[in-house]
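Same chain, two partners: chain A is paired with chain B first, then with chain C.
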Partner chain A sequence: MVLSALIDASRLQFALTAMFHWIFVPLTLGLGFIVAFMETKYYLFSKKEGIENSEKAGLWKKLTKFWARIFAINFAVGVATGIILEFQFGTNWSNYSWFVGDIFGAPLAIEGIFAFFMESTFFAVMYFGWDKVSKKFHLASTWLTAIGANLSAVWILIANAWMQYPVGMEFNPDTARNEMINFADVVFSPVAMNKLFHTATSAYMLASVVVIGISCWYLLKDRNRIYAVKSIKVAAVFGLISAVLLAYSGDGSAYNVAKHQPMKLAAMEGLYQGGTAAPLVGFALLDPDKEIGDGEDPYLFSISIPKALSFLATRDFNGFVPGIDDIINGGYTYTDRNGNEKVAVPFEQKRERGLLAIEALKEYSKAARTGNDSLKMSAASALEDNFEYFGYGYLDSAEESVPPVALTFYTFRIMVTLGAYFILFFIIALYLHRKGAFTAEGKKVKWFLYLAIISVPLVYICSQSGWIVAEVGRQPWTIQDLLPVQAAVSGVSASNVYTTVAIFFVLFTILLVAELKIMFNQIKKGFENIK
Partner chain B sequence: MNVFKRIYAFYYTGFKEMTVGRSLWLIILIKLFIIFFILKLFFFKSDLSDCKTPREKSNKVIENLLNY
Partner chain C sequence: METLYFLQHYWWAVVSLLGALLVFLLFVQGGQTLLFGTAASEDDKKAIISILGHKWEITFTTLVTFGGAAFASFPLFYSTSFGGAYWLWILILLLFVLQAVSYEFRSKASNLLGSRVYDLFLFLNGLFGTILLGVAVGTLFSGGAYAMDRLNITDTAAATVSYWTNDSMGLEAIANPFNLLLGIVVFLLARSLGLLYVINQYSVSEERRALVERCKVQLKVVPAAFVLLFAVFLVALFLRTGYETDPVTGYISAVKYKYFLNMWELVWPMILLLAGVVIVLAGLAGALFCKEGSFLSKNSFYITGAGAVLAVWAILICAAFNNTAYFPSTASLQDSLTLYNSSSSEFTLKVMAYVSIAVPFVLAYIVTVWRKMGGK
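Up next is the complex of A and B:
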């Protein structure tokens, strides 16, 4: 009970901090490229001769400066919010933090170097450098700031992907740490690659919606029309390309989840009893009384697409997709990460092997202390044989291996529905732009202007939902199959954790309000005071 | 002017001419103060901070993992 309260408190704190951090990061990642594109247009027009080109250059320069200011405010607002997450690793998740140390160390160190040197250096040139450095160098700095921000995110995402799909490491029983043996395996794992692609495109989509939303607010107020219309065009094109790529990478993400985290996929679908030719649930209401293994229908009602889940998960309309009950009971055939056909191991057997691994670690430690080399070798061998199920030894029942189904299921649908909506949204924006609907007579599309403003909070909900699916869906694992939250958490008191949650919540809400006020003030000022 | 003086002048004028940036820097500094001097010092002590060496840290984590 005490442990459960501590885990809940620590997870709540981590979730709140991560979600707070993720309010700012995606806008930085996407807006950086939008600003860089605008400055490129400015640079190209400024090189051409003639009054018309000079006017166009002036327009793109003003656009660049305005959106760069929004970028800077967002960057400043978000800066350091991620540091709290790193504190939490040491305080609330010390076993986890030590256990992963070497794998996390390398990507995070590279992230630190990139974040500090690349972003900070070129960020300063981007803001202080107008008229002080050459146009070419300034443009390069803007691009490098955008690329630097994205590269920083790359390393964090690689670390996150490793937790979902631990590869390229070896567990050292002397130190209780996972040590990297193959950097390329960690960096280029299919899960990492897809995660990078999916997260980056989601950030670009978010930034595009924000730019369109703010621009539409100007159109509603009948201000800065020429700048707003240009911004909408740039953002709609960037957003549409991103949203389509996002859908494509989302498909890849689901395929990876099906291969490497089948329990997460089962939770995403509310699927308890799997099968061949499995349908994809489009919309459904989950039965709150549904229990594992009761054989009841998990949905109160549902609308499904026949065979679609099988195709998405296995690339075969008749492929077998395991449900929660199947994964617990095992016995079905699947293809492992090396491409070999295998029979799924039931939960109880995984747990037994997990317990064997933990016992082997105990024997190893004892042998190391007493200098008994033969015992040490046999224990190391037993540990290695069973290490893939190490984490299962900490679970008392099969129920503990199942993530919160309802939260994963509904947030997945929110994410996918909104993702599809945004593809349509960008198409409409481009269509209206092409028809000249945003020009002086633009008031006739007031509905779209309001829709664009409402879409700003919606895109944040979409983005946060994606992370909820990814992180809640992999519970109870902090590292897939190796370390559940029960074993990862530190021995601190739950009340201490709740105290810091409260402090964090109050302080950061105050700061957020102050910071958003600055952001809204700048938006209200518009392009008028941009030189 | 040598390169270091030019870099100094670049940053000096840049910071001096800031408008919105001043409020943002103030908020960043308040935030960093809260993070490093309040949260880190009083609330986020590392659970392994009482261990002096990596060996001690390993032993403590092994003990935690085995005595769950």
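Up next is the complex of A and C:
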């Protein structure tokens, strides 16, 4: 009970800080490149002769400066909240930090050395250096800021992907820790590559929607039209490319989840009893009384696409997709990460084998202390045989191995629906732009202007939903199958953690309100005061 | 095994160097404490903010990298100290979060709290951020009330490997006079460097002449207080009983004057420390006694900073080298952390050692950019 309160508090704190962090980061990831593109245009026009080119250069410079200000406001809060996450691994998930520090810590350290310094050094030039350095150096700095911001995302996402798909490591019974044996496996794992691609493109999409939303507000107010129209064009092209790639990588992401985290996929689909030719649920209402293993229909109402889930998960319309009950009961065949056909082990057996691994580790340590080499060897071999289920030894019941289904299920649908909507949104934006609808003489497209403004909060909901699917869906694992949350938390009391949750909540609320007020003020000021 | 031994020491040296650079870069924090009392007008404040505004992120990033490098190379320290001295680290964290938003928000219209509040955040970060970081570093010598047993991971009901044995969760470290002394020393150094930086940046500015004069008046007091308390700290450190680990058995035992002996036996940290102290004194003397425009006077900020890096590096090296327990447990001595029992594996340390080759390049571009920006 005490432990459960601590786990809830620690998870709440992590969720709060991660979600707050992710309000600011995606905008800077995408906006960095948009600003860099705009400054490149400015630079190129400024090199050309003639009044027309000089006017164009002036326009792109103003665009660059305006969006760079929006970037800067978000950048500050992104940096501020990023350090909380880093510290929190130690303060609230100390066992986790110890257990996998050599693997997880390395990308974090590399992130600091390569990405953060690049980002912060060149950000200073980008923001303060207009009159102090050459145009070329300034342009390079803007690009390096954008690249630095994205590089830092790369390393932290590699670390996150590793938690969901632990590779390139082995367990050392002498130190009772996981140790890295292949850095390239960690960095270039298919899950990491896909996660990078998916998260980066989602950030670019978010930034594009924000740029279009703000620009449409100007059109609605009939202000700064020339800047707004240019911004819409740049953002719509960048957004459309990103949104299409996002959908593509989303498919890859679901395929990876199906392969490596079948329980997450089952939760995403609300699927309890799987099967071949499984349909993909388009929309459904989950039955709140549904329980694991009761055999009842999980949906009160549903609209499904036949065979689509099987195809998504196995690339075969008739492939078998296990549901929650199947994963708990085992017995179905699947292909493991090495390409071998295997029969799924039921939860109870996984738990038994997890306990065997844990017990073997205890025996190993005892034998090492007493110098009993034969016992040490047999314990090491028992540990190795059962290590893949190590984490299950900490779970008391099968229910604990199931993530919160409703939250994962609904957020998955919100993410996918909105993701598809945004592809359409960018197409419409580009179409209207081509038709000249945004010019003063253009057709009245007020509906789109309002739609674009409403889309801004929607894109944030979409982005946050994606992370909820990824992180809630993998519960209870901090490291898939190896370390559940209950074995990963620090030895802090729940009351201490709830106190810090309250402090962070108040702090974040103040920071968010301040940030939004500053942003709105900056937007209201528009392009008029930019030199 | 020899490679691992080397890498453990290499990484402690790298983390220590990052810590030493961080202490130098805390001049930003020292400068922030000038916002109240020393800055007489809004223009003065803006002047201070404008020169620190280019630099705070480097300090912040160094702190983050210091944390990241400690996490990756000595994960057991990271988990034991952060997870145990919970409130100490949370307070440091909050103070730095407040700093990170304040530079950007203070001058903006509609910033909700008003620029005075953001200035106050900067001041609090400058004062308490430095003191608490000093306190945290102090625990490397004074230790922490933790117990650690790796085999706890095999207890499925309570798997936490290291845990604090009191309810203060790190707050008691602030009450420890040795830690607090180090905290105040770090603050005074930061403030001295902050003063030197403002003088360095505005020495030829007519508009900021009054501000520079006020800084110069303080320069007669603050560095002197720093030097005095630093000397007291060194004496306290050298008289302190430290803990030594037997590299073969891992048994930990008390050794009188351990940190002095580390300096004495290893020699080179002693040389580093002495060189650092001499350079710091030269830098301070340059600012105080040399003619304006002379080399020592013009570069006193950088000279003092460089000396501080060497001295702090030497002290941090001595916390762990020579088989020293670098984070002694006051609750269960044999659980104390050493380079040998708390490091990452050889493989990880090796991969990261390759990565660390990039550090000089990173430093080089930071310096290049600073110079290009003209420091103004």
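In this section, the second predicted complex is superposed on the first by the 525 of 531 C-alpha atoms of A that agree within 3 Å, B and C clash if a C-alpha of one lies under 4 Å from a C-alpha of the other, contacts with A are read in each partner's own complex, and residues count from 1 in each chain.
The working rule: a contact is a pair of C-beta atoms (placed from the backbone, for glycine too) under 8 Å apart; a residue touches a chain by one contact, two chains touch by 3 or more.
All values reported here derive from a predicted model rather than from experimental measurement.
Engineer: Clash or fit: what happens to chain B and chain C when chain A is overlaid?
Structural biologist: Because the two structures are overlaid on the shared chain, the partners are seen to clash.
Engineer: Per the contact definition in the header, classify A:Gly112: touching chain B only (first), chain C only (second), both, or neither.
Structural biologist: A:Gly112 sits against chain C, while chain B stays out of touch.
Engineer: Looking at the overlay, what does A:Ala514 touch: chain B (first), chain C (second), both, or neither?
Structural biologist: The answer is both, since A:Ala514 touches chain B and chain C.
Engineer: In the overlay, answer first, second, both or neither for which of chain B and chain C A:Gly50 touches.
Structural biologist: Touch status of A:Gly50: no partner.
Engineer: Classify the contacts of A:Gly339 with the two partner chains as first (chain B alone), second (chain C alone), both, or neither.
Structural biologist: neither
Engineer: Kindly classify A:Phe128 by the partners it touches after superposition: chain B alone (first), chain C alone (second), both, or neither?
Structural biologist: It touches chain B and chain C both.
Engineer: Can A:Ile181 be said to touch chain B (first), chain C (second), both, or neither?
Structural biologist: Second partner only, chain C.
Engineer: With both structures placed on chain A, which of the two partners, chain B or chain C, ends up touching more residues of chain A?
Structural biologist: On the superposition, C touches more of the residues of chain A.
Engineer: Which of the two partners, first being chain B and second being chain C, lies in contact with A:Phe99: first, second, both, or neither?
Structural biologist: both
Engineer: For A:Gly371, using the defined touch cut-off, is the partner it touches chain B, chain C, both, or neither? Pick first, second, both or neither.
Structural biologist: neither
Engineer: Touching chain B in one complex and chain C in the other: list those residues of chain A.
Structural biologist: Looking at chain A, the two contact sets intersect at 72-73, 76-77, 79-80, 83-84, 87, 90-92, 94-95, 97-99, 124, 128-129, 132, 175-177, 358, 361-362, 365, 394, 486-487, 490-492, 496, 500, 503, 507, 511, 514-515, 518, 522.
Engineer: Write out the stretch or stretches of chain A touching chain B in their complex.
Structural biologist: So the residues of chain A touching chain B come out as 69, 72-73, 76-77, 79-80, 83-84, 87-88, 90-92, 94-95, 97-99, 124, 127-129, 132, 174-177, 358, 361-362, 365, 394, 486-487, 490-492, 496, 499-500, 503-504, 507, 511, 514-515, 518, 522.
Engineer: Okay, in this complex, where on chain A does chain C touch?
Structural biologist: Touching chain C: residues 3, 72-73, 75-77, 79-84, 86-87, 89-106, 108-114, 116-125, 128-129, 132-133, 137, 141, 172, 175-177, 179-181, 183, 355, 358-359, 361-362, 365, 393-394, 486-487, 489-493, 496, 500, 503, 507, 510-511, 513-515, 517-518, 520-522 of chain A.
Engineer: For a test of understanding, state which residues of chain B touch chain A in their complex under the given definition.
Structural biologist: 10-11, 13-15, 17, 20-21, 23-25, 27-28, 30-32, 34-35, 39-40, 43-49, 54, 57-58, 61-62, 64-66, 68
Engineer: Report the residues of chain C in contact with chain A in the complex, numbered from low to high.
Structural biologist: For chain C paired with chain A, touching residues are 53-55, 57-58, 60-61, 63-65, 67-69, 71-73, 75-76, 78-84, 86-87, 89-90, 93-94, 96-97, 100-101, 103-105, 108-113, 150-151, 153-154, 156-164, 167, 169, 344-345, 347-348, 351-352, 355-356, 358-359, 362, 365-366, 369, 372-374, 376.
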